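Below is one structure, written out as structure tokens, with a few remarks after it.
Lettered A, B, C, D and E in written order, each chain numbered from 1.
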Amino acid sequence: MTMRVTNLSVSRGGRTLLEGVTFDVAAGQALILRGPNGLGKTTLLRSLAGLQRPEVGQVDLAEDDAVYAGHADGIKSTLTVRENITFWARVFGTSDIAAAISMFALDDLVDRAGGMLSAGQKRRLGLARLMVTGRKFWMLDEPTVSLDHASVAQFATMIRAHLAAGGSAIIATHIDLGLGDDAQVLDLSQFRATTPKLHASEEAFL
Amino acid sequence: MTMRVTNLSVSRGGRTLLEGVTFDVAAGQALILRGPNGLGKTTLLRSLAGLQRPEVGQVDLAEDDAVYAGHADGIKSTLTVRENITFWARVFGTSDIAAAISMFALDDLVDRAGGMLSAGQKRRLGLARLMVTGRKFWMLDEPTVSLDHASVAQFATMIRAHLAAGGSAIIATHIDLGLGDDAQVLDLSQFRATTPKLHASEEAFL
Amino acid sequence: MSLWQYANPVKFLHLSGKIVPLATVVSAVCLIAGLYWGYFLTPDDYKQGSTVKIIYIHVPSALVAINAWFMMLVASLIWLVRRHHVSVLASKAASHVGVVMTLIALITGALWGQPMWGTWWAWDPRLTSFLILFLFYLGYIALWAAIDNPDTAADLTSVLCIVGSVFAVLSRYAVNFWNQGLHQGASLSMDKAEHVSDVFYYPLLLSIAGFILLFVVLTLVGTRTEIRQRRAKALLARERG
Amino acid sequence: MIALLIRDLRLAMRAGGGFGLSLAFFLIVVVLVPFGVGPEMGLLSRIAPGILWVGALLACLLSLDRIFALDFEDGSLDLLATSPLPAEGIVTIKSLAHWLTTGLPLVLMAPVLGVLLGLPERGYYWIIVSLAVGTPALSVIGTFGAALTVGIKRGGLLLSLLVLPLYVPTLIYGAELARRGTQGMDTSTPLFMLAGITCAVTAMLPFASAAVLRINLR
Amino acid sequence: MIALLIRDLRLAMRAGGGFGLSLAFFLIVVVLVPFGVGPEMGLLSRIAPGILWVGALLACLLSLDRIFALDFEDGSLDLLATSPLPAEGIVTIKSLAHWLTTGLPLVLMAPVLGVLLGLPERGYYWIIVSLAVGTPALSVIGTFGAALTVGIKRGGLLLSLLVLPLYVPTLIYGAELARRGTQGMDTSTPLFMLAGITCAVTAMLPFASAAVLRINLR
């Protein structure tokens, strides 16, 4: 079961950013998206996750296979770490939160309120949440922001485990995750919109 | 004119995190703080910048020499990039914003609203703001988060220029900034609070 | 050769370009004739005195204000069903005209109320439901202004317009139940009891016609500007990307 | 579904969750009015039912933007959108949670505050009835408005402006019911209408809200 | 200083800046009251001055948490604290900006809304006077409350509760002034007291606010 993206072009604020984006990710594969700031990585990931309509082209992916983890971690500062993660587990209809918690060494923080976490701890919680969704395709936007080296390594192992279990991940990042050759790298610069295409609905006016 | 920190201990949420922190930073020097997530880097930096009272020990630094740039960039999403930066320039009584803007290649974004920037562009604006403060001591908390390689390099050059101009910087980061030997590295793990000290005000109850 | 072809912006521009000048002339004629006739060639009302002449502005504007909303409702439905940009942009343009008309009706009404009822404002059903209509217009326009993606804005405002219409009718009943008013009944209704006397009737008809045409003209012009703006944006985007 | 409900309730209960917010605001309005209008009990008790209803409605209006705004800002809403929950489910749960944390407390609080305004004996019963029947409509309608303004930065103002006219019928019948009841007049019509509005709105509007929410999250 | 003022005004003007917020809310209150209380003009015009004052005060109360909360959330306040501006300066500017964007519009809007409540002729003059004299006090006091609750997540509720009692004297004298004026009674005492409160508060309170702000940012 692979995800196939064909000739996709995405736009933000009326401007087309990327066009002709084409790739496919098979089960068990990871794809790393690279590109300078403001190129359109976040926009692309959101379109892949179905949070934004693509201009043209299509994304072949079962609606409820994808999960998106962006710059915001969706952590409630008044809920404890456990409550936060349990909630998402129940929403996605899974149950085993222990694995997720121990994976990111959150064990001794489980009863602390989300608002009392440090930047990196927050991010770790955000990543742990991914594991309880039970989704196959992970769209990760700069997942390792403000993580220390140990945690980055942990993240890599998590990804490997996920791939081994037949999952896939599409990761936009600026740093080297040390995934080695478990992941191909795709440089998005090649897709930067050159001939400025117009938003489909704008076309109608010409 | 150096900054001297002697036997400082900082606490957050009633728990002492670091104790006996001692170092000094001379003009033209940079200090890089390392340590795992949740160790207390942010807390320490805030104390150094005078945004939080240290437990014991003291910080010898002229009140209005320090500027702190934390996880939040203080960008107004409804103001344009130029308005954002001009405001800070005027608050700190400086005038030359051109240098700051061009340093981080914000030139073609100056008229875009702050809310319409990508993660990295926001952060670049946040850093550009440092240059217009005209302060000597920069306390930077994970300044390179979500910056691409080019911008990280830019950041390094900015720091070097700042040091060359007789300024100093204390930077908490997990990645390698490529400052080479312009900067000493201080691993804060050695200062981790061992004997669970109590917040001074708690002591009073014993 | 269906009528829908004019939903194409470009075609619409051509067609409306022809209509507008003609409609302008006609409405101008009607307005001038109607208002002149109304104001100078009719006697003062025996009990209302000359204040009655406000009717030539008040009633038409009120009528237009109300029917503008109906037109918006239809246009919004068309957008939601057939996704024709022109219709939703027309609705947007109409809302601007409508809100002004509502304001005119409110103000002329208030001016009229002072001599007639001895008060600027009364919580009479008609007046109240008009005030509510005014709020609906404001909300609709504000929502348009608040969203930067034009298509999202179109969808949301259309839904608002539909839901709003339902609630507008609802509150009309609510208000009637809440307070029995002192406001005139429908003066255009054909039964003689309600009917305002013919002297006022025909000039009134003229100026109503004039106002309606005026509404058409302004809406068309507004739509054209909206379309042009979108064109300009599109072309610009194509230029710099 | 249940998980979402529980979470929202829990969030509301926690410090700063705004559970008390609406109550406090209700209290404030009712306390301020006598200071503004003057102390004569005769006058106050005449306007008491109306003021109570207006206060409850305002309290409701102000708590609306918490329905989605918080989840939107911290990214939860994106996740919910990609989650298995249907949009209809989300909006229904949200309005239910809103009613439980806002409407219900208001209903229970109203009689207490009625004392401050010298509400006549018979009034207490009718205030409770009218609010109990009316507030669900307020929550559901409010959810629609909130869904419309999701993603608009600080859409609070716009939200209240959009919702205000939608609230009018409910307010009229509700207040009318309370007033007539208090004066011992016949209450069947307003009661019937109010109940009708609540039922109709609860049955229909969630679909509109869901549609709007989808548009906003796409 | 000026830069800060300009920025705050600009922020308020921009979309979603909440400039209209207070006005809209004022309008909402005034429009809702008749629906609640009933349409009789006699009754309405009697309570008009009071309602107008309460409405204005509520509108003010609601806009308070924007004074510092926004700057705190996005980290601007930390920077301002380390900036050369003295805390006294910051709070003064903040309350000035708040008055310009909230109090002033309310003053200008009040007579228009007075029409809806059938405010008697004489009332218009006095409503404007009383609000013009009173609202500055509201802004300054409000800034103090806002400074107290900086850093408390969603401190909105707490803020209103803290400020409410502080507002009572202003409200009493203000509303009294408006009412007496409207009824053509002698207005010297309340006018004098109201002016006194405003002057005193504006002279003293900023120092308290500054102190509190410093404590909160340390």
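By definition in this document, contacts are C-beta pairs under 8 Å (C-beta built on N, C-alpha and C of every residue); 3 or more make two chains touch, one makes a residue touch a chain.
What you see is a predicted model, and the numbers here were worked out from it, not measured in a lab.
Undergrad: If we look at chain C and chain D, which chains touch each of them?
TA: A, E
Undergrad: Using the stated contact rule, I'd like to know whether A-C or B-D comes out ahead in C-beta pair count.
TA: The greater number of contacts lies at A-C.
Undergrad: Would you mind checking which chain's C-alpha centre is most distant from the centre of chain B?
TA: Result for the farthest chain: C.
Undergrad: Between chain B and chain C, what distance separates the C-alpha centroids? Give it in angstrom.
TA: So the centroids are 58 Å from each other.
Undergrad: Whole-Å distance, chain B centre to chain D centre, using C-alpha means?
TA: 45
Undergrad: Taking each chain's centre as the mean of its CA atoms, how far is chain B from chain E in angstrom?
TA: Averaging C-alpha atoms per chain gives centres 37 Å apart.
Undergrad: Return the residues of chain D touching two or more other chains; collapse runs of consecutive numbers into ranges.
TA: Counting only residues that touch two or more other chains, chain D contributes 15-17, 152-153, 155, 158, 161, 164, 168, 172.
Undergrad: Can you list the chain B residues in contact with two or more other chains?
TA: 71, 78 - these are the residues of chain B that touch more than one other chain.
Undergrad: Among the residues of chain C, which are close enough to touch at least two other chains?
TA: 135, 146, 178
Undergrad: Where on chain A does chain C make contact in their complex?
TA: Residues in contact with chain C: 13-16, 193-196, 198-199, 201-206.
Undergrad: Under the definition above, what is the set of chain D residues touching chain A in their complex?
TA: So the residues of chain D touching chain A come out as 2-4, 7, 10-11, 14-17, 71, 73-76, 78-85, 217-218.
Undergrad: Applying the document's contact rule, which stretches of chain C touch chain D when the two form their complex?
TA: Contacts found on chain C: 132, 135-136, 138-139, 142-143, 146-147, 152, 155-156, 159-160, 163-164, 167-168, 170-171, 173-175, 177-178.
Undergrad: For chain B, which residues are in contact with chain D within the complex?
TA: Residues in contact with chain D: 77-78, 115.
Undergrad: If we count contacts the way the header does, which residues on chain B are in touch with chain A in the complex?
TA: Its residues touching chain A are 13, 35-38, 42, 71, 116-121, 124, 142, 145-152, 174-175.
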